[in-house]
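The following blocks contain the structures, represented as structure tokens.
Two complexes are shown next, each including chain A; its partner changes from chain B in the first to chain C in the second.
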Partner chain A sequence: MSVSLERGIQTLKEHIDAPVASFFTTCVHCGMCADACLFYTETKDPKYTPIYKLKPLRRLWHQEYTFWGKLAAKLGFSKPLTAEELKEWEPLVYDSCTMCGRCSMTCPVGNDIVYMIRKMREGMVAAGFAPEGLKSATERAITIGSPMGVKFPALKNQIKHVEADIGLKIPVDVRGAEYMALLSSMEIMNFPEYIGAIAKIFDQADIRWTLASDAFEATNSGIQIGSSDLAAELVERVVAAAERLKVNYVISPECGHAYTALRWEGPNLIGRPYPFKVIHILELLDQLRSQDKLPVTGKIKERLTFHDPCQIVRRGGVIEEPRRLLEMVAEDFAEMEDHGIMNWCCGGGGGVSTNERAATLKLTAFNRKRHQLEALGVNTLVTVCANCRITLEEGLEFNNMDVAVLGLAETLAEHLAEQSPAPTTTQTH
Partner chain B sequence: MTSTEWLIWVRGPGLQLSLGIFILGMTYRIMQTYFLGRAKNLAEPRGSQWLHGMKTIWWRSFFHPGMTIRGYFTIISGYTFHLGFIITLLFLDQHIELFRSWTGLSWPALPPIVITITAVLGIAALVAVLVDRFADPVRYLLSDYQDYLCWVLTVLPLVTGLLLVYKMWLPYTSLLVVHIISFEILLVAIPFTKLSHVFTIFIARWYNGAIAGYKGVQS
Partner chain C sequence: MTKAKTLIEHLEQQGISRRGFLKFCALTTSMMALPPSMAPGVARALETARRPSLIWLSFQECTGCTESLTRSHSPTLENIIFNYLSLDYHHTLQAASGEAAEQARETAMKENHGQYLVAVDGSIPVKDGGVYSTIAGISNLEMLQQTVEGAAAVVAIGTCAAFGGLPRAHPNPTGAVPVQELVRDKPVVNVSGCPPIPVVISGVLAHYLTFGRIPDLDDYGRPLSFFGTSIHDRCYRRPYYNKGLFAETFDDEGARKGWCLYKLGCKGPTTYNACATVKWNQGTSFPIQAGHGCFGCSEPDFWDAGGFYQPLSAGIGSVGGVAAVAVAAGAGAGIAAGLAQQSQRKHAQLQHEKVTVADLKESES
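Let's look at the complex of A and B:
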């Protein structure tokens, strides 16, 4: 057995905890999770059944923790996990799983399948099996500070443009600010209007905030590839900057997995609670709304819908906030049939969009969203995750669909009233 | 040993032995799972783990939104054979008599025709599940030897019991021995096979609900 395989198997063993054991013990192989996974529903290939993607981990659990498994191992009948098997499973664990967690919501016996996929990835990467795209993104995140290779000078340049556009100064490295905002590289490079949007809203609401020049990146390739060590290092950078600037809150940007990384995994990755609170930008905007500090004027007349980013909504718990915010500026907000905690993923989460090998499969999986949008007949789609946004735009373009994708923060900023709330006159967006 | 001597053994020491293995085995299985533990969550919670866990135990017992034909079939056939088995086990007058002789507790039995119906429905649902396991490419791919073994172990007490009621196949005493042994094998197998899901389902559902509930999501 090679050293890396041994390390991978050891890592997998260490990740078998009480929930994992109870899930595998309880699974009755009913296959209902298949119908919850867009990779199965859009291909009808049984290998994309979520619980099947965990077969190597299940085999290891069986060998280590069951009567028959242990007996077979003692008698020499047990077939140990091999590098070939892990290699064969790599595309199932990475390419065909966005870690959206929809399967975990539908399993009749209660298996949290994505909880186990997250653990399975730890073993896979420890054994050396992970997609090249994710490996290089993680390497860039560690060495450069961003999975897309964005350094502070690039952000500074974008900030200059944004400041010129909105006529406001973007605060950087302000000690003692109340909030430290984070960004995703995708927002910096593809959707810099997000920076301008929050700057305008915060200025109006009199929020004391700042960016950190040494920790502006919120995304965390470490949790996508499944390396807790690397994920912890990325979280530590944010924590160090927040401590240096003595902020009370760190604002997670619209990006979905960044929220999971910062809010839910972060303290566990670094092994201690934060000395600050993590708040999602939507939670903060919704607080401002409830305090009448987010006055808007006019509403979008066209029918529109909202795409729930899985890591913010189903896996993050920020469910009603985007809806309350969207209602402020949308005259005809229609929900897709499956929405909220039962939404369908865009197809690009969990590192799939970073994984070039999965590009074709990702577009096939997008058909689920296409059907949802066609059923609703909308031409405007609002979302709150830069990665979802780029995946949706790709899918829409590929399918020649005339649907505009908007970011919620920018949409709110566009409707921001100067002083007090304006009367609800309608205007075309 | 004559069939009568066998009957004495299976109703006495055999049953005690199988019950003992069942109780000790299941206790070990649950303890083994529990003591694997899980890391303390250091993130600030948004919701109650306990409450959401309990709610998930309850809500996963029903149909849920977005369910497909596979889902409806699974839930309906699952309930049919589980209820068919449990009603037959608990409400046949001979079974109640056996419970009464051990514990002194008894309750009204259901008429034999009702029990026949529950047993037949249970067997029919099990047959449907087995056919589907071969016919559905997803289930076929997922299935391993335990799925088929557990199916046999579950259907045998129902089939032998039905034959017993209608006095078919073997002489009564011999068939009664086979029937009781089939149940005892099932009892012994529960802790050592995936049949243990009859207990661990509550643990799995609770963890699922607790993990999501910590983040303020009802799963």
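Let's look at the complex of A and C:
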């Protein structure tokens, strides 16, 4: 069957579960979610009120699953959903929502609004109303293996450079390793220093790890576009590789949605438990820190701050780890006004950065971060998500702001105290 | 007789100064939530008031209410003002007994027809013709009906008279009912509490003497000025409640530090009375200050409203028959609707068509 309004409605009906029904029932129309959303605060346009972005879903729920709604629909008092309506809502559901989840935190009756946006997107995909950028990225992820079209030879090439750079071998397809590391294609193409950083840290801490040639990509475009079917397929690839290499842990990289996809949605998507554990790179680094396996030397003198990636901090619960790690290498660490679980999104999450149509809106939304940075007056910003990083860099450049953006893992690697050279360290080329 | 004497004369005789009297008027005025400017008016009215007749009927009761009034503050103004009323009939306090006693009641009723006040403490048994409590061969029910007939107003003193109290508690073997269920054609003031605070009794009487009518009442017929706010809202331990600091047992650190007794079953949040402000024993203390939660004795059905030590948030158990049926029917309808909707959703899931890359391609423009 091809994409159609009927299929979209069918999919939405399938995804209206008990939580969705209770959320719509208990919504008190207070509008507090508006002030939690950076797309509203930076534009003051009421259409960006988070709960309003769900209006079609709400109508469908009312018509299909409530007594009065059914009656009204039967008597012709409420019109059925139309394709035009879904098309009209497409920019609201995709362009103006990074699925950062800040609205869910402020809802006074505890409604998880972002949970419903995720479900709304399921129906939008099935009805054929997803942004072009996200559609093509997802296609590439499924057919090529990476949303940016990165194939293993490209990674192999980067590995070669990294190995030459740090003088360590990057293990690939090592069976029986303890950890399997994943990367985001953003890291492979734009921030390959991440690979070198974890290699150096792991070498020093004696961690047996590997990359998988057939599943190195952690990004899950299926989650961003909102299709469980496609997301499950991408998760399956990682699970298959981890099973093949018999690893005990899979490391989620410095990427937000990768963590959500793998750690929280993954087992539900594929319908079975993992035979391994998913750990975020920050959790692992913090473990090493607590075991004194992460010796660092020297501190950054400059005042710096930390940008919390929504999916890792607010939605992921990795809150104190980056702060403990940062304290090791920062002399003057200052927090932004809203930080931790109430942080403000960079503006590019949830597929927004992949969606060219949303480029202008994304830069408008960035003003929130700009004000935060200006209020603090810092010139260095550390973060732990490659997508946040690219979005922040774009925003800073657009606003001519002189702020350097650093990844936490590589910052730690730079300050790694050199121990006596390990005997296993050999040049391979 | 002292009938011609005014209150102020009576008080002077008792050795109470005019200053003491005015202080009482000011206190009573503020307790009744009247503006301070009314104090002189209250004083003037009380000074010149003539002794009204009061007939006190004791039914299914324990005399605790009388004890509360006559003993706790003695000899204070509440007591004096009570003396000032012509108490023509009261089992515990009158000297006469037997037929002479009943005669006193009948005489007072005849002489002051339409003018006298009736105070009732105790509930009235009505089952089996009211045979469970009789005085001089007259059932309580009959005595109440006879006496109230010529009364100006009725004051139900104590929770038994106001709401039925202990005699009415489940299973209520005597068919006890409160005054307000039997007296419909006269004003009834409920001064509830087990026992009621003395100043509340005297305050109501003073109000009647001053204004010639009963004070404003709440939905339960209680004087608003005394029963307008909950114990909880006026409790000195309220700040601990607001901070979430609770005593968990009567002997833990929280109990010693004087934290909120909510979790130990304090009924302060649902009890309306003046204990937390007026206090007992001449303003010395009240139960919560003594380390025990409020029982809620001034509320209707307090004996049947769950255990004294059961926190308010815990349910009180059984619901009535009709309510149970309604709840079951509602739950049934809810479950049926839920199942129908679940099957609707299941149906949608069964029809699920896997989203593929081809679908994405197709919708690309």
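FYI, the second predicted complex is superposed on the first by the 416 of 429 C-alpha atoms of A that agree within 3 Å, B and C clash if a C-alpha of one lies under 4 Å from a C-alpha of the other, contacts with A are read in each partner's own complex, and residues count from 1 in each chain.
Keep this in mind: contacts are C-beta pairs under 8 Å (C-beta built on N, C-alpha and C of every residue); 3 or more make two chains touch, one makes a residue touch a chain.
Just so it is clear, the structure is predicted and the values come from calculations on it, not from any experiment.
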Superposition on chain A - do chain B and chain C clash or fit: clash
Which superposed partner A:301 touches (first chain B, second chain C, both, neither): neither
Which superposed partner A:17 touches (first chain B, second chain C, both, neither): both
Partner chain(s) touched by A:65 [first = chain B, second = chain C, both, neither]: both
Partner chain(s) touched by A:112 [first = chain B, second = chain C, both, neither]: first
Touched partner set for A:2, first chain B, second chain C, both or neither: second
Superposed model, chain A: greater residue contact from chain B or chain C: B
Chain B versus chain C as contact partner of A:139, first or second or both or neither: second
Partner chain(s) touched by A:31 [first = chain B, second = chain C, both, neither]: first
Where chain A meets both chain C and chain B, residue numbers: 16-17, 21, 65, 67
Chain A - residues contacting chain B, complex: 16-23, 25-32, 34-36, 40, 46-47, 49, 51-52, 65-68, 104-112, 115, 263-268, 271-274, 277, 314-317, 319, 338, 341-342
Complex contacts: residues of chain C adjacent to chain A: 337, 341, 344-345, 348-349, 351-357, 359-365
Residue ranges of chain B in contact with chain A within the complex: 29, 32-39, 41-44, 46-47, 56-57, 60, 64-68, 70-71, 74-75, 78, 136-144, 147, 191-194, 196-197, 200-201, 203-209, 211-212, 215-219
Residues of chain A touching chain C in the complex: 1-3, 7, 10-11, 13-14, 16-17, 21, 64-65, 67, 125-126, 128-130, 132, 135-136, 138-139, 142-143, 225, 227, 229-230
